[in-house]
């Protein structure tokens, strides 16, 4: 029997996605991404020097990295700021490593040999799926920062060589669902995050089961739903970028 | 000769102020305050226990405190997150102490004997005057959190006993100006922040001159402009609150 | 054309695995696990109080957590100790969260309502696959700590309800390989870690591609190889445990 | 009705001030300043390199900064050392920023293009007014460090271009008082710190009211008292410096 | 041939020692100790609760601990404050552990079952021998804090059961010397610190040779000199204490 | 009456000592040292740059330093990892400073003008005497790292100019004992650590009495026992090294 979602979505249906470009004055790229009630500000900043570990390695390319944080009251229960504990939450570290890896997988670092791009993802309101929203929003912010560099003739070639999209899937009461909202995430036996490129290839597959191990069938179904969802997200991203070009 | 401001304001004219109430789902009080291009999210969170230093002191009242931070790209040059340095920037500490002191000065802590209210002020976009915007925005968020408590019968009496407003003034090229934008702040010989209550009494007077000491006349004129500006801010706050009541 | 592994293993062949039980005097459970040249000391410690976040949540169960670290010269290039930077490496955090989650998935926390078990995984020598070796070794250390508790009548029922095994797989020069050694890991386009239980259900699936996105076929083949490898590991674990019982 | 001070001072009377020059062997400038029972050791150290943020900014001038701390038992209740908390108390940060700003306002940094002067203010005994004592003492220590540099021909021109003095004022039981001792500070409705130069111009005006907002009349009277007090302090500083010259 | 000391002392001669009691207002015991040009403020503070590790151990006694620090310009080269590095210098840790151990060896902790005494040793001026000066000064501060407790009837018996004294010895150009000043310490092949009680028994013997190993004869001579020096120090301490009693 | 040791050793008898050379793949020198049940992994790593404080001092020599840590369950009671407290335990700091000083005393730093050798001592199992075991084991690891450098012609002369050995002695129930095991250490009135070279000269003498001061006779007997024990250790080290040469 099928599961009734609180917002009446079908099992494989995305929440409404909305990206506001140029959300802030100063950054080279900045968006507000909303996926349902989840809201994340993603900015892309160009730093005119590469980090020390790259410099010292002798590599001839630049770098791209991400930072992720949540405003204290983006969540229902107030979150203590990391600065008071002198360390970054383990969860934030995992997420920002994921965002950085995902975007580097479609980015040609040799195009920015003396630069670093920093993607800042700050969650304003959290309702599930903040990490995948951050990847989707960062992609557009990164695109805009690349356009900024292209206009200034800082690039030989545009460094982004593929679209990427990210979405969550999960199993709730034995039903496989796409794009879990916070209440669903809380109830999920399994939580999976998938990042894919435009050609349907995988960049990240992360499935985690703390409560109940999951079957091969459930895994396959989550992968299928995710593929469908990511296709829709990449279509929306293309639309957004085209609109920007016509302005 | 009078100074030409980049946005054509008169010397004693405020920037446009706009407060969006209930900006976020979860907090007991939350606003987005905009003063010109400066944008700050202010939330008020109710914590059902008092901090340790109050408990241990044997005091019979609760507490009210504030935290202040800036998103990395709220400013033109990317700001390093505090968590990477394991300490809070000195400037942030000063500002959040100022916000907390200011709001405590009109708040009856004995009304919340077993609670703490935390005001989080996160700057989304910085164009001068972020600390005074944070005080003005926090006042409304605090008001809404108090209404939240009143509705639940957690209060004997409403704990806010006066309105407060805050504004900056400064001296640029020997001209006294009200409500400095970022470019004016950068050029200012003197930078002053004033917090007053509805009766025109002072809560904070902080004037700082790194470049050129200022005269008694300049001090008096800044005080006068600030009084005028704060009156207008308090009028706007009253309007905002009344609107809320009619809903 | 098939890939020639430096140690002549077949693509889906595990390295030799060896677990030395009761490796140390003091811990309630302790093993040295060797998978090829990778060597990890895993200990299980019983702490007679639950962590604060459980106590405060009102939950009626205990806790199980893991810590992971590497000796400075377990690797070819000396690793700076975390204590000099005042923070845990992001990679260590991810790994210890993975170990903890994996073992909790087959552990009944309600059997130890007033206790916490801490699994310490310290890598003595690293040659690829340290995180999966840590999971496999911790399982036996945990088993022994549970026997320790059972002998003292601290348990109503034995809290481990399933076997688990963990292994890596990857893609090197377009060949899918099982149980990557360090040189293979370095050359891998994709790196995947899989944790499964005795019934062939998934506990964790983590596939990461920084260099080249991977196809659906590669994903399926890695899953298949991992299933085979984990079955063999679980067989070895059973053997090890039976031997202990006959002593 | 006028307020009876515990040491019988008049409302606008300073405590006795005493500065011992060359208090320590090693520093280029060092004083013990006593204002009543408040005792602060102030030293000026010459560092032959400018801080990184100046170097990187491309500026052609040196720097002057201050550090402030209290010995654990300078106060009635023992103060925990900052080093045990891995952070500087917010109050200390505010104070040392104030001391640095104040002294920079009368110091020509271009005279020391490749140097930094560090003013260390360590409170030995605290009885109110430690921050203003620190400013007054640092001024003499800085003067002596400048003489030290002048003797070695390291300066084109003497970099101090004005005297500065600092004092507190406050309102206790509705009486405006100058130079508050600790018991008065504790009872004060308002606490104000003022820094002025020899010409009667303001460098800092910081008035804070946590308990009761203050009136315009009170503000004006505190400013008047402070002006009188600072004049006396600057006279004493001149005397001290002249005595040094006659030795 | 015998070594000529810069201050003409004989090889086994102490520098002048001077202890100023009740040096500060607030602490229960406080002295300024001067041994030659070395100056240390030692205070003894009574804390009305025992530290956590004693409480949790179930022990029925109180505790006594020490902290040691140097003012930034107590030395010729300015010392960075620990608080900026978020850790205590290794040297300070060793010294404060030595001070605490030494004083605990003559102190009956069962006399203060619910208290902790904290000895703060802050070096104002360093000219060699700061750790032994700190022990000698702390002894008097501790004595005064015990008198403070005895007057208030907080003690059954006076908890100090023996005098202790501490002194350094060393080998400079193959000459054994007592009580090294800073220039001698710098030139020393061996540096030794000895703590003894009134009966000539050893509490601590710490001899360190980084440059040249030392012979058995040198060791024996250093022990002999130290015994003589400590006797003189204990005589002076007795004198000091008697003087206090006659007041 | 003489004391009966739990393992039937004579008062001046060492526990069995065993050193396994080349214990790990990667380090330039690595041993597992066992002294009774105490087990320490000691590695020597060659770093091709000198630390900053040497570089900045203008010195023409390299450096040698040590780090010491214990695995969490090397001891009976689990030890919290330093990384969670953001500081190194005071005890570890003292020990690693002792190890570094001891080995530098027989090492010619001018032979490695552009290098640093780091000795990592990680205790796997602790049963008393871990610091002296670490010195003895590090000596062999250091020897092997020097051979590694000699083979590559990085040295003009072999930089180790003497053997060193280290051992503990103590007083238990008024009996002087050599090489204390953990249970003896716990019961000891005095705990002493001695480091000597091959010629019977002292490098370190550290005797500490927290409970009962010790007599001159006890001190002399501990020194005598230690001399005997260290001779035996150095003989064993020579044997070990010779064996290596014949391989």
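Per-chain residue numbering starts at 1, and chain names A, B, C, D, E and F are given in the order in which the chains are listed.
One rule holds for everything that comes next: contacts are C-beta pairs under 8 Å (C-beta built on N, C-alpha and C of every residue); 3 or more make two chains touch, one makes a residue touch a chain.
All of these numbers come straight from a predicted model, not from anything done at the bench.
Looking at chain B and chain F, no chain is in contact with each of them.
Path length between chain A and chain E in the chain contact graph, taken as the least number of steps between touching chains: 3.
Listed here as common contacts of chain B and chain E: D. A straight line joining the Cα centres of chain C and chain F is 33 Å long.
With centres taken as mean Cα positions, chain D sits 28 Å from chain B. The set of chain F residues touching two or more other chains comprises 86-88.
Chain contacts here close into one cycle, and each chain has exactly two touching partners. Neighbouring chains touch in a ring; in the direction leading from chain A to chain C, they appear as A, C, F, E, D, B.
On chain A, the positions that touch chain B within their shared complex are 24-27, 30, 37, 41, 43, 45, 47, 67, 69, 71-76, 78, 81-84, 86-88, 118, 120, 122, 124-125, 127. Contacts from chain A toward chain C in the complex involve residues 86-88, 90, 93-94, 97, 101, 104-105, 162, 192, 196-197, 199-216, 219, 223.
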